[in-house]
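Here it is: the structure, laid out below.
By written order: A, B and C. Residues from 1 in each chain.
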Amino acid sequence: MKILPRFPLIPGLVLFGALISAPFILSIYWVMILTEILTMGLFAMSFNLLFGYTGLLSFGQAGFFGAGAYCAVLTLLHGPASLWAALAAGFLGAALLALPIGWLCVRRDEIYFAILTLGFGMMLFTVAHNWRSVTGGSDGLGNFTLPKLDLFGWSISLFNPRHFYFLVLLIAAAGALLLLRVVRSPFGLLLRGTRENSNRVSFVGANVRSVRLFAFVVSGALAGLAGALFALFNRIASPEMLHWAFSGKAVLMTILGGSGVFLGPAVGAAIFFVLEHSITAYTTNWMIFLGMILIVLVLVFPKGVLGSAVDFIDRFRKGGGR
Amino acid sequence: MTQDPILEVRNISRSFGKFQALTDVSLSIQTGRLCALIGPNGAGKTTFYNVVSGRYRPTTGKVFFKGREVGGLPSHRLVSMGLLRSFQITNIFPALTVLENVLVPLLVHHGMSFSCLKSIRKQGELAEEADRILGRVGLRGVSDHVVSTLAYGDKRLIEIAIVLARRPTLVLLDEPTAGMNPEETDRMIHLIKDLSEHSDTTFFITEHDMKVVFSVAERIFVLNQGCLLAEGTPEEIRNNPDVKHAYLGGSLDAPGQ
Amino acid sequence: MEGILANVLNGLSWGMLLFLIAVGLTTVFGVMGVLNFAHGSLFMLGAYLAMQCMRWFGSFWLGLLIGPPIVAALAVLIERFLLRPLYGRDVSFQLLLTFGVMLFLDDGVRLIWGAAYHVVNPPQILSGVIPFFSQSYPVYRIFLVVLGPLIGAGLWAFFAFTRWGKILRAAAMDRQMAEIVGVRVPVMFTAVFAFGAWLAALGGALAAPHQSVGPAMGEYIIIESFIVVVIGGMGSFPGAFVGALILGLLNSFATTFAPDLQMALPYILLAIVLLARPRGLFGEEA
């Protein structure tokens, strides 16, 4: 008797191999887009730990993404000029913030949770926007030197976008593996139970608030890690990264790719960027299209692109087996 | 039975605004004795369960579980002490598999709620224990089915399996046979009797099906309009004029007299 | 003293606009269980339509009359064709749908009217300033402060005395109740959604001369009104009123006395209310 189906290892390895070889084939322009896709993919996957696995719709995820960005940049400006220190600061800083905010937000669920996360995310936005002496106000924080990457005794300059891409690939893959570990752990099963029926979970003796809070902190920390990467890549941490419109991006990417599949949000991020680039070539009003796409997805394809594809393949397999 | 009662309720009342759902109810349950709570619709049975299981706070009065006062404790704490319950409307995890439904309480029971870096696929002992419990309720054959695809009676059995997985000392079953066909009802009655006799768990059920009550219960409590009307052996209850009156003489005569 | 009075007036005028949004939001939530992200966009649409009426007909009052019903008609379409298929599905998806509608409307406004801010002058009779102690105060704000309670009283009378108002209140408390009373629920849902939209657009039209009209105005007010309904208690009509006044006054006093904190204060208030009364000031405790 096996508890979960095995993770599709071969497609995963093929994808990873393709991502490793991509910079040797693609132009710098597309390598940079792929870098953004990976960063935002990690961000969206962190969101989906709450949405897809725990059943909590957060509209404040950008607060932790942005907090991670600021923590990383502040570390480089005032602390050690180490890349690892900056990334660790993004991860831990966001986790520390997620703890009290999550403690407040998990007191309610469903729609209330969405409003509360939206509200507290915007509180972080106003802090970044108004605390000029620390955050640089609406201009954001730039002007830091991007440190070299020290890895196993090598020292690699990250000014080459291809080098930076490999860093992001490494971190995003590590983040995704951590998430995979979490969702396939006993805790991950408890999360899915909470999503299905939180009342039953508390009547088997688990403290639903603590369970949700723990997921909230893990999700916030990974969002912070993604934010740190984003700030290092764009050489700036700015208040827009904490705005709820930015949280909306994670939501959109997840719905686009599918919240019920592990890699759905990352696939959603890829589709999002490709769409953005092809639509903005013709019009600046791409949010109209985004709105329409979201409406159609919610009404017709709530499982998203990858989710629907997986369903289709499953049905095909079963059909073939007969 | 010289033991202390496993559950003792002293003078509890519960009101919702002006509506008095329970008035001054006192009763106690001895360890190992299968008891039943009956009463007409709206008598306050479910409210009573909700108060005892920590869902509602009693307005006044005290609840003792294993000799410790527990009134007002959150339900997850009561569960950790060994008090489990089922619900009138089946309360399970519909999109998870049968096996996963039983694993959720098991992993909570073994303190693995927050173990987030182990693979659940490698928890062979948990799986074996789940298998045993599923065997106990007769659902072993469907363990990898998604629960929402199962028949109604099986879903109710899953809730029993979930409850058993926490190795409870006291289980409150809220109308365990509600909505079941006769065959499913028989299966459930058998299971409850069997579990009550062959485990350390004490069962306390509410039921509107008098046939069920009189065939399983060793002791019966009758609730009417929020007050405890009578208590006693099935024989005593059957012959109690007040109880007959409360039920308008109807269904009490039914069980095979 | 006069500073305080001016703050009170400013707070009340903003609070009244917030109330018009929040009451629709909270009624729609209470009756339908749907939190409408696009509600702020409907408010914004009301402002733009009022502006367009000013341009075409030169009349503010006509805009006040024509704009809100147009927005209400749009809301009917949204409810019938987009929201209705989602009833009974996960509430998150209803929220996501209205989020999509919001993106569509906000950018649609940008497409039609451009991204720039527009200024709408108040009608002749309400323009200008009146002397106010040693300073002066815009007549239009006084108008809003007076009109707000009037609309509030009108709504209160509607909810308290008319058949429809009573049904709505009952339904906001308990949906099944309305079905028992024999209301056709689909019709009621459409009507409630349209009514909320009409109120929001009315607020938008009234807000047009009060602030500049731009594509971000919906986004700004929707967050504030979310906070209002959570603080007041979702589904509660008096909660929306009190919450809107508190937030309006908090905003205007903070601008004067604690400008650095002004933007963060609503969220701090939200956190405090949440800790003290998780279901809001007027919410029913479970």
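Simple rule for what comes next: contacts are C-beta pairs under 8 Å (C-beta built on N, C-alpha and C of every residue); 3 or more make two chains touch, one makes a residue touch a chain.
This is a predicted model, so every value here is computed, not measured.
Chemist: Compare the CA centroid of subunit C with every other chain's and tell me the farthest one.
Modeler: Ranked by distance of C-alpha centres from subunit C, the top chain is B.
Chemist: Any idea which chain sits dead centre by C-alpha averages?
Modeler: Per-chain C-alpha centroids ranked by distance to the global centroid put A first.
Chemist: So how far apart, in whole Å, are subunit A and subunit B when each is placed at the average of its C-alpha atoms?
Modeler: 43
Chemist: If you average the CA atoms of subunit B and of subunit C, how far apart do the two points sit, in angstrom?
Modeler: Here subunit B and subunit C have centroids separated by 47 Å.
Chemist: As a quick test, compute the distance in whole Å between the mean CA positions of subunit A and subunit C.
Modeler: Using C-alpha averages as centres, the distance is 33 Å.
Chemist: If we count contacts the way the header does, which residues on subunit B are in touch with subunit A in the complex?
Modeler: Checking each residue of subunit B against subunit A gives 53, 74-76, 79-80, 84-85, 91-96, 99-100, 103-105, 107-109, 112-121, 123, 126-127, 131, 143-144, 162, 165-166.
Chemist: Considering the complex alone, what residue numbers of subunit C touch subunit A?
Modeler: 29, 35, 82, 85-86, 89, 91-93, 95-97, 99-108, 110-111, 219, 223, 226-227, 230, 234, 260, 263-264, 266-268, 270-271, 274-275, 278
Chemist: In the complex, go through subunit A and note every residue touching subunit C.
Modeler: These residues of subunit A touch subunit C: 51, 55, 57, 104, 107-108, 110-112, 114-116, 118-120, 122-123, 126-127, 129-130, 244-245, 248, 251, 255, 285-288, 290-295, 298-299, 302.
Chemist: Give every residue of subunit A touching subunit B within the complex, in rising order.
Modeler: The contact residues of subunit A facing subunit B are 1-4, 6, 181-182, 184-190, 192-193, 196-197, 199-208, 210-211, 214, 218.
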